[in-house]
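Consider the two complexes below, in which chain A is the common component and chain B and chain C are the respective partners.
Entry: the complex of A and B
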């Protein structure tokens, strides 16, 4: 009896963390019908990702499995599931919320550390090649305007984005 | 002349000059003035939202603030930029509490989001500012023998509750704009399914499998080319075919065009001025079908 109660507390604690985050608010509306899984282009081709399963594990309080696993990073963000969910669970946004929590806990795939580094250093996540920048006049394109990277850094200092583990693209 | 702040994003200037050249040339020809504002940044697309949604929302709002200061609505070329900015604009206009939180963050960068401007994809500008009739009048080439497999990309349509662009399950705006140019927009299997672009770099095998499905299905349907709106879909499907050749030893040679290129060609702009040499899969077969 006591054990059951403790388990419930753990479940509750993790779903509270999720629902209190931007994007995660609707997770508890899920009744596990599987419409998301049958709409998911990724789940069709690999068993590594199933949105219904990610939500189920999250609601069961399997925090470590969800946050340190591979599945949450395999959502292709197409929003098909979210469009079709009969319970209006914002599934793609829930996945973002789970990724945000994972990042905060230090579980961040290398490619995402590279995105963070590019954004903080350059204000863009895709670097502009010097070759193409030089070629712009020949192509009839105006020169590129300066990027507001200083303003972004002021934003990051408030949201804590500058604390995210960064990695240089060359290092990976 | 209708003016817009052009939100160029990262991928287009970084990798796809043919998209930018064709879009600037075609839109200017149709009487749309594109204004390049200083200090714009990354739009905060899904990779940034994956790191921190609140930061992503704040970045999008910051960029919208720049347009508000210039008293211009925003037009995007990239579907990803459209999604990030239009979604943030809608969320912040609808939710006072969220707007207050984001403005608290933006105040450190000396900005305040008002919610006074619109974010549009350039298809909406073609549809509403130029209009199908005037667009048709400006077409000077014959595209009637061209069979086009359209692929709008997910983020033009979804999440539809915020983007309100078109019917997310039965969209027609993009196909209509292809047919306005005189080409035939054809049906193919899994037309609305994701190309897998955002999985590139994390799960390349899954991304390539999704892109391959798209190339196989458009080939089977007899398309002369795929026409896209999103630079990431373009990359996934164009460069993707080079990877399909090395990975699966399959060669499709399916040309992939940006809609802006098809538009520029239909308007009679000289193909040699469109930087088409940046395509991995050559587009001669398409040019040959345009009379």
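Entry: the complex of A and C
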């Protein structure tokens, strides 16, 4: 009995955590009509992501399942669902809120932390590979020069983006 | 004026109260109050021997003001006031207080303090009684005639009821034919009978029993002598007051004389103008001169003036054997004098074309429920077959989509409540007529909440109708085959379906009928946020409005099914009849009155009055004053609280009466605790005090209660006066701000309290000495708790320090 009660409070906290986050405010309006899922190009090709299910699990307080899985990272941000949701749930933004929470908890897929590292070190997400450097003149493009990252680093430091990366490094 | 002689009658409740209150002390105290000439004590005063004591005293001319301390004051007040009136005294010179629930019981643990409070309560009642003035009963004439706006099932039913009761009834319908939305629906749930079946009027010669129900055209409805039907007409203006409205109706020309047309149908074949028939979902065409179906009322053709060529053609005029066609008819204005008005304007389907992904209006084979109903109707454009409008071939695969624009916060957040049943009815009717048709219903939730409704769901499943839980995201069209594809997630299977369909039927939201907003403005009625007419009280008075004499029924207040609409119509007719039946409106003058000497040149009160009772009128001295209609005024006093010039007073709650009461309540301090004046509204606020006492919840006796009609009457200076006469704190107790019995009184009071708190701060007084509380009857505990909290707070703050001369 006592355990059940405790569990309930943690569950309650999870939907509160989401609604208190930028983008997550509207999640509780969801009434599971499935318009989002049926509108989702990703859900069409993989059973690993279904926006309706992500919202349902979140509202039920299944925090671990939502945050540790890869579902929330598969959203392609096309905003189809958000455009069509009859309850004005900002679904794509809710997914962003969930991603932010996941990162705070140390759940960030490798590819994203690599992106982040690349951004801090080189100022780009995609590293300049030898292949790319070779290919550019063929396409009539100038060769890429390193970009100044000082300004970027300042932004990262103010917004705490660099810390997120560190936390991930510690967590892993 | 005659000398004031107050009689005070103390009920000890069969000696129950004297166990707590010292009645000897009370009697001795009251005896010495000035102008008190008689003090009596008995176990009860509201019936039997006790009541006779009061009556005798009044009859003998011994007293001309009556103060009674009685338990169950509302119950006892009625019989005391009645008896006093019969004894020859104006009934508004009686003041009844409750020493049980407001004093003895909630303070039973502190009998000494309770007795002191009882003294204060008796003094306050006596002081108020001395200042009371007689109030007259007024009579206003009421015409025994009713205007019903809207000729759908609600309006027709209300009209029949009132006509049967002998009222003169005018029924106005904006379309050329009666029937409204319902007539197009073909069949109704939950009886599966025809939509045009109505209850026959009592005046019908063939109606011998109450079992009689008939099609509109053979019901005798149209032949009721005291029912005047005005089709093709609309209300353009309303003047006057409840009981006596002057209504202007604009009657559009029909171009066909109703008295001459014999329905020979020679005119339509010769008419060269052919247009899509909107009434029949554009599935067929009609001529410029037309009738919607053969079984309508009035049974007379109409010319569509937007397409007729008139004199350039006039072929119909040539063939008409009775010279019924009159192309020169003009718009007519008719004036009606009616006692009350019933609004029965109904609802209509939401325009689904705004939901782009469903392509309604774009793909011809995407239709709405109402359009499907026309196909199912044997009188309809397809004679009962279900076709694809694009190629008119039978539709074999049908997909229904629920909640189109309903439960959708982008359009209409509410559930339209009848669409699930409409779709289930349609699915069953289709399956019955064409069992091999494939019908799939896509739904979010199926709502079948009425009697027999779940049976429709059950029957549909038995018949093989398929159900998919999921709201479709898109309807697309195969470019090659032209067939429709409905994208939907079956949530229960967690599978994405692409349902192909010949025909997709949308279940659109139901929204207020066109012209609702304009009509509301003409009538002075309010609309809810959803655009439907606002009823006076959704729980208790669903067919009344805050304006006496105006009633609502049917879909004008919210989408409704036929059974609920009938109930609503009967109810509205009942209310209108009750209002007019005696031919007069009797009302006492406990109303507001303007002192014209002080009033002038502002517009606050007419805007704040929730009942439109105040008008601004120019006086001879070239300035404008407010005039209050005794008929419309409900006696709340919100105007009193609003007037910046103190020019308005309520006849039964004058400022001097309130001040005298305040002073008296604060004059006796029986405890060391700080005195608190509690100003309650006479509705929920006072009831909350009652209920805390009834339940014997304990709170300190330093909390003294004064009743006002509505907290909206309070003015900022009155709070300051309360402190001046000795209050250490002031509690204002009103209804919930959205549940005020006078609409806005509670909200007005909240503003006043906020303002007064700012002023207190300026004067160096702690603003937390004044607070507004909102509660309802069942929240007696909340009142007791608030009284406790306030007392504790004031104890901490210490004694109030008033500046010299303030």
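As a working rule, the second predicted complex is superposed on the first by the 135 of 172 C-alpha atoms of A that agree within 3 Å, B and C clash if a C-alpha of one lies under 4 Å from a C-alpha of the other, contacts with A are read in each partner's own complex, and residues count from 1 in each chain.
The rule is simple: a contact is a pair of C-beta atoms (placed from the backbone, for glycine too) under 8 Å apart; a residue touches a chain by one contact, two chains touch by 3 or more.
Just so you know, these numbers come straight off a predicted model, no measurement behind them.
Looking at the superposition, the partner that touches the larger set of chain A residues, chain B or chain C, turns out to be B. After overlaying the two complexes on the shared chain, residue contacts for A:124 are found with chain B alone; chain C is out of touch. Legend: residue contacts after superposition of the two complexes on their common chain; A:37 is shown touching chain C, with no touch to chain B. After overlaying the two complexes on the shared chain, residue contacts for A:111 are found with chain B alone; chain C is out of touch. Of the two partner chains placed around the shared chain by superposition, chain C is the only one that A:29 touches, whereas chain B remains out of contact.
When the shared chain is aligned, chain B comes close enough to touch A:151, but chain C does not.
The residues of chain A shared by its contacts with chain B and with chain C are 80. Remark: chain C residues 357, 403, 407-410, 444-445, 469-474, 487-489, 491, 494, 496 touch chain A in the complex.
Here chain B touches chain A in the complex through residues 8, 10-11, 13-15, 17, 20-21, 24-25, 36-42, 45-55, 57-59, 62, 66, 98, 104-106, 108-111, 154-155, 158-160, 168-169, 192-194, 196-199, 201-203, 206-207, 209-210, 273, 275, going by the rule given at the top. Touching chain B in their complex are the following residues of chain A: 21-23, 41-42, 45-46, 48, 73-74, 76-80, 82-83, 90, 92-93, 96-97, 99-100, 103, 108-109, 111-112, 115-116, 119, 123-129, 132-133, 135-136, 139-142, 144-149, 151-152, 154-161, 164.
For chain A in complex with chain C, the touching residues are 29, 31-39, 43-44, 47, 50, 52-53, 80, 84, 86-88.
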